[in-house]
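Two complexes follow with subunit A in common, the first pairing it with subunit B and the second with subunit C.
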Partner chain A sequence: MEHHLLEVGGVRVSRREDLRLITGAGKYAADWELPGQLYAHFLRTDRAHARIVSINVEHALEHPGVVRVYTGADAVRAGYVKPMTMLTFKGKSGMQVRVPERPVLAHGHVRCVGEPVAMVVAESALIAQDAAELIEVEYEELPVVIHPEDALAPGAPQLHENVPGNLPFEFEAGDAAATGAAFAKAAHVTRLKLEVTRVAPNPMEPRACLMAYDAREDRYTAHVHVQGVNMMRKQLAAYTGLPEEKFRIMARDVGGAFGQRSLAYPEYCVQMLAAKDIGRPVKWVASRSEGFATDSHGRANFVSGELALDRDGRFLGMRLDWIAEMGAYLTPTGPVSHLRNPSTCLTGVYRIPALYGCWRTALTNTNPIAAYRGAGRPDIAYVIERLVSQAAAETGVDAAELRRRNFIPPEAFPYKTPTGSTYEIADLPGVLEKALKLADWNGFRERRRRSERAGKLRGIGISTVIENTGAGLFPKDEVQIEVAANGAVTVYSVSHSQGQGHETSFAMIVAETLGVPFERVQLRQGDEEHPLFGNHTGGSRSTVGAGSACHLAAKKLIDEGRALAALELGVEPSQVEYANGRYRTDHAERTVALGDLAKAKTFSVTAEGSFSSTFPNGCHIAEVEIDPATGVTEIASYVTVDDCGRVINHTIVEGQMHGGVAQGAGQVFGEHVVYDRNSGQLMTGSFADYYMPRAGLLREITMEEHPTPSKVSPLGVKGMGESGCTASLAALTNGVLDALRPLGVQHLDMPLTPAKVWHAIQAAQRKN
Partner chain B sequence: MAKVEITVNGVKHAREVEDRALLANFLRDELGLTGTHIGCDTSQCGCCTVHVNGQAVKSCSMLAVQANGAEVVTIEGMAKNGALHPIQQAFTECHGLQCGFCTPGMIMAVAGLLKDNPNPTDEEIYHGLEGNLCRCTGYINIVKAVKRSAELLGGK
Partner chain C sequence: MYQFHYVKAKSLQEAGEFLAAHPDAKLLAGGMTLIPTLKARLAQPSHLVDVGGLAELAGIEVKDGKLRVGAGARHREVAMSAVVRKAIPALAELAGVIGDPQVRNLGTMGGSVANNDPAADYPAAVLALGATVVTMRREIPADDFFQGMFATALEPDEIVVRVVFPVPKRAAYAKFPHPASGYAMAGVFVAENADGVRVAVTGAGPGVFRWQEAEAALGKNLSPAALEGLTVEAEGLNEDMHATREYRANLVAVMAKRAVAKIAGK
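Entry: the complex of A and B
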């Protein structure tokens, strides 16, 4: 696709933010500096589960340049022990979530490798690092439990006293009895046990935080990466028991986030202790190795699924037994996203009369799990779409035809699902037919024959998905627009880009609504001088929420300006018309520009809106070719047809889709966070051990749009930042399995590494 | 401690550095050139790529003292007289960046790649970018940006 380019300062760019980012002028978390700053280094435990017998920091304190050393006792003394949870609903039989304590430095016990046990504060980062090695910790090792099924089994080592059975929360959705009855009359039942693997989100920017304390104002300033300042502030306040107004959050550029950077991590709170005690700012920049061990991981769901079909291939019911691994502690977003999002879209894109899912969360001696691009949405889509393709293979029905037969028909929207959510609008058959044509579904057999002649195995995989975009932690989104006397328009939002390009698309929305040139509109994200209520960027909701609020604010600006312009023109507001940044009336020659209204005093409006979930949907078709001699899979083609409503900026949407699909492909073909099941040691602790997608994995995506209008947002948009992840896991895995099924391979779990595929081929050939 | 003289973006800097200081930290912490990013600690990610005596180098894999007497170019030295370098131009035109964290290293690596091979094939581009990780773009538009860079540098 040819990108539509914008003119910014005489340069042709795709996005407003590009200019600073391509010239090295971006400002990321580690780029902040303050006069007099000290440096922190965390000593992290190398044990997966142990009692801390003693900590001796004496030698570290004696090390030249060391200012102070903090341990768990300091954390407990401060009362920084319990992180926030976003899980507010009740579980099975009215169960309340049991949130384990997590002192911001481990106290008494360590429960996963990498947990911080001490923080050294020193005059330089290297001194702090050296001194941390002088701290002596004596441990008494405790039994380790790594697999969530083991953790939930009777007799398992227990992680927390207040979480019996390592089960912090159990939840169910749907109707167990009705589903049981549906299965009883089924002509065919497909069963799969699937692992939605644990992966590391790995934004390219490592974590960093520069924490300062102002004694005069009794206020902390955190320079840190965010997805939105309010979400960070709320969590820091909850963790430390301080009021929210005690925090000022500073963030400019964020080097990727993917849900992982929405969290207030314990380290930041330890830095607060030091910044206040010592009276100097404290800077910490994590290494990637620390990131692998302690930045939240994603997915880690273990699901047994059953799909019941009648004789004609119509779905009668689906039943899921779902274990959501949580790691050693609960993050604010982990449990809620891995339960609510899958249960909201439990029926997928299908009319399934009876549904039942039971979710058990499980604590293990591993790094905590949190939202990762999709946050449960790719997980449920993967489970359903694997089941449907497996059912198609077992019953001998074409995988596209089985989907077609079971889609929620267009006329059934808005569709109330059996688990209580309402899908707004979609044209699933339209999406499917377009994708089948684009992928030349019918020509696959011939392409497979050609591959066979070349000694290769070819498969085609499909997934048709729908997802709920985030309704948000805060019930409304505010946007402020300010006009300067020279006509410059500044827009303020809470929603904070981590690469999505808000500065471009939000400015486009405001420029279009006001009818002024794009160049005149600037976006400021998370500006603490302009505090606003509203949500962070997450759950694919930014254009739906903050983007819509931009539109509403621009309209409000026009309306309020009309009254002011009428005064200037000496007419009634009803006699004033607005177009392209200017008010005019039939009763006077003179016109009034927006900027004219800001001459005497600032002309500014704040608008708000509440926006519920939208339901983007789509069909992805992946064709793969496997070399049986090596087990290497190549993605031969990848087609997407997505309905994300009206598109504001096609270039950005295309980029989001590329990135999402690539993250899905990474998970399918190699990414996997692995802990040793006996010792709890992290086996994938660096980019040397952990697979990351590289150039060439995904060579091209053929994309088309199939929008249906959403009324959730006045812009008609639906969220789409996570669509690529949601659809690609199943499309690619189904493609590989389609290639291997003729050999007798029915099931493989991700990651589909060359070794795993090769072994599967070898085993199948031995059997044959 | 060791004394070094390193020319960065045409300006000579004399400093005393710790023996173990990495070139990446020297550029960021001593000179404040924070366009060079550090994305890992095992020299896989390539975010810190700069040019040392005309060669693309991961500045985390080199000590500052090893760069003594060298000519270093960082991302801040690529645009000249207010005009973007053609590779910078290509990255924005092709939407080859999202969060921008890997971008400076990518641009410096691509400059190295195209210097050795002005018209690379797709396979040669994939190979040439093996040492640079991006988490946002899926690389499709980065590969396009490399091809567009080759065009612009070739005067097309």
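Entry: the complex of A and C
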């Protein structure tokens, strides 16, 4: 494909799913209803760490309308105790991950506030909730550990018997000795201790599941939100020890996922117990409060970083000591994403001869951590880009110039990094220069002077990043295309949109490849009547994986159709040409349409492809203005120049970039999950205390593309669903620090709330 | 929420009698605090007595040189009311920055004043303007009405009917919204009334309060310069994970200056 057929002449294709979604016609997990369904309510513990002495469910059982009550004993009896882990590689000194048991209802111990202790099943949700209050649980409180550094310290309260030292996994990457040698000859070393804060992903759709059991087929049907049906099925099977074919996953629209919705949560497995025992479907819809406490959290990385430079400002080495907080249990995605992704991109966009990182995971009495938009990539990019900007400030070199001096040069691609990954292609200087120009980097001093005259502090922050997009849990992606006799084309994929707009972009790819009108192509995601192999949506991989498979399937359809058309036309396939939905030959008047081939029997093909990581990269520049009287930061301008390869749909790419940058801005300026360090109580359990970014925070983004061709996918695309988040954390934080540095402020951790910034200004002024 | 009985009051008197007869009944007007409280199961009233649509609580007018706002007036009505915008534009402006559009479409002045949330906006205006809270049985001056966090002079079965505001010479409100909730982290209402300047502060302390030092300074010179160097005592202000009491004290001073600057600019 050499051109943008569907966006030719700048005509954009709007997202066809939006009318349905914004008019409330979407079908979400809570919208499923089944005849005879019952309702579940979970009793959740209010203790951060305790031994369960006894549970008395008698009064709850007597409550009118209650059908059954489940406790941890039921979970253990069923053997639903050990979640899947995606961490399959070995750690430091050959260490195997120690996955703690997590019975789907707490048994014996509770280890974080919100952990489910019992499930009441009743004729209505209200009855179930009323009855849950009648359950009496006696606890014996245990010492609580909230901060991961405390958890790893000697003498810390231990969460799990099989995880000594609260350390389920330790991992290292790079060359410690070579890095030590590099530091020994450094002219300058920059050091920072950084916290990438714990955040609550907060998809708009609350968590919900309607679980049914078919005794005749001995099969469960979970109506639930997914990022891909296969990943949900695999986890449910792993958690319950049942074969994967025992699960049918029903999912339509998904109201935001961000990695959080890729998980099979324990609640769904408890619902399985009830649906089978009682023989009626069991529905559960979480409240927002339950969401804050028990939907997996993101980030929570604590990193000490060092960057060694020579006299000319060239990077000699970088060393990281990284603690990845995991919460009270390991999720399938938490440890793997917070170790693998940062180590893959440990060198950032720079040629750094010596690298070493050591990652320790830590269990604490908090809600578990899982992948969250970027899943370790924003974290490593934040660490590197903070270090580089700090080094620039310390050595008096312009922050853009220091980057320019250390970039991996275009001619060095494909670039094999010291930690073993291979960056395919990028033009980092090109990206940088374009961004500097767009942001008018050189005009900043004058703008700063103008702000000063108005009593404001102005700063400019930059980040240049690269990231590996997800290669996926499954080794290949399948897509099926079916043609109807009327010419309608239906595409089936596993990859499931949570807002990304697959219905538009995948249909565009197929329509373009087939040369048929866009309107004639429809996408069905996660259709269990058309089971396929393939990956969920996550790790910025959908267009690279499933999107490319759409293209391959369309080409296969054309080829297989050619043979069928040749039969109809009475010629050899080599004598048949295909264009725009129709086969023709020089040897006959007649032509055959794609739909004609579906008249006698189904005309359908399935194609597959395996696609490795792509490496989207970019430069973001944020200019901020701080009101020293209140500490309020305003984003004065935000520039992005990104290389995400070929763009299928610009509206969707821009939307992803907006969303990612805004999500990063939310984390930088306020989002933060806080647990009380003594009691382990969740202090940010509602939107009254948990900040979410408002539209006014980020008023405008100036965007440009700087594509380099990728050969990973036949489409030439690179993943880009997370790039906005990856680059924005550092760009914005660096901007704020640049504004504050003249006062003497060297370091602040997120979130940069008005109160925190004001206090930093006050402290600096007192010192001066 | 827990089960409760819903009662739609036909008159104020009926609502009052019902409250008197049922000690665990609660009034429902806009429900912007009550409903979330019920949803979180933090309250278990026996009955909700809906006074939301009562004609006796409606109406916004100027009478005898005073602005009378019915307790049932929605925030949006106050924000948009030509009467309010003419008489006390600062009050309309304040109503326009309460919560969000959904809250402003439902929440009522009577509900806000009776609830006396320490971070609500209206109490600052009521106190700074020296308004009078009129109930079914008496008139309560603002200085006596607010009694600290969620506490007022109201009897359990007493219903706010309207709030009567003397029209000030000039007034302005400056609010620093809490980054998460949007409530006032510090809101300062400054009014130049017939009998002098009053400065009321909401959000920063355990309840709305007057900043008398600022009132004295502004009484002599109603300009931001008069507040230079003045700060409220941080001791006694609210402190939580979002903001220290020192930060809140600073916000009070900054918001006061901004309110005065707005007045001076008029």
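Throughout what follows, the second predicted complex is superposed on the first by the 755 of 768 C-alpha atoms of A that agree within 3 Å, B and C clash if a C-alpha of one lies under 4 Å from a C-alpha of the other, contacts with A are read in each partner's own complex, and residues count from 1 in each chain.
We adopt the following convention: contacts are C-beta pairs under 8 Å (C-beta built on N, C-alpha and C of every residue); 3 or more make two chains touch, one makes a residue touch a chain.
If you're wondering where the values come from, they're calculated on a predicted model, not measured in any experiment.
After overlaying the two complexes on the shared chain, residue contacts for A:692 are found with subunit B and with subunit C alike.
Of the two partner chains, subunit B is the only one that A:204 touches; subunit C does not reach it. When the two complexes are superposed, the chain touching more residues of subunit A, out of subunit B and subunit C, is B. Touch criterion met: A:683 reaches subunit C, while subunit B stays clear of it. In the superposed model, A:26 lies in contact with subunit B only, and not with subunit C. Judged by the touch definition given at the top, the superposed model places A:358 against neither subunit B nor subunit C. In the superposed model, A:758 makes contact with subunit C only, not with subunit B. In the overlay built on the shared chain, the residue A:289 is in contact with subunit B and with subunit C. Contacts of A:659 after superposition on the shared chain: subunit B is touched, whereas subunit C is not. The interface of subunit A with subunit B overlaps its interface with subunit C at residues 126, 289, 687-688, 692.
Residues of subunit C touching subunit A in their complex: 2-3, 40, 176, 179-181, 183, 241-244, 246-247, 250-251, 254. By the touch rule above, subunit A contacts subunit B in their complex via residues 3, 5, 11-15, 17-28, 30-31, 126, 201-206, 253-258, 285, 287-289, 498-501, 651-652, 654-655, 658-663, 665, 686-688, 692-701, 724. Per the touch definition, subunit A reaches subunit C in the complex via residues 126, 130, 289, 629-631, 669-670, 674, 683-684, 687-692, 753-755, 758-759, 762. Those residues of subunit B whose C-beta lies close enough to touch subunit A in the complex are 18, 20, 33-42, 44-45, 47, 74-76, 78-79, 84, 88-89, 91-95, 97-104, 107, 122-123, 125-126, 129-130, 132-143.
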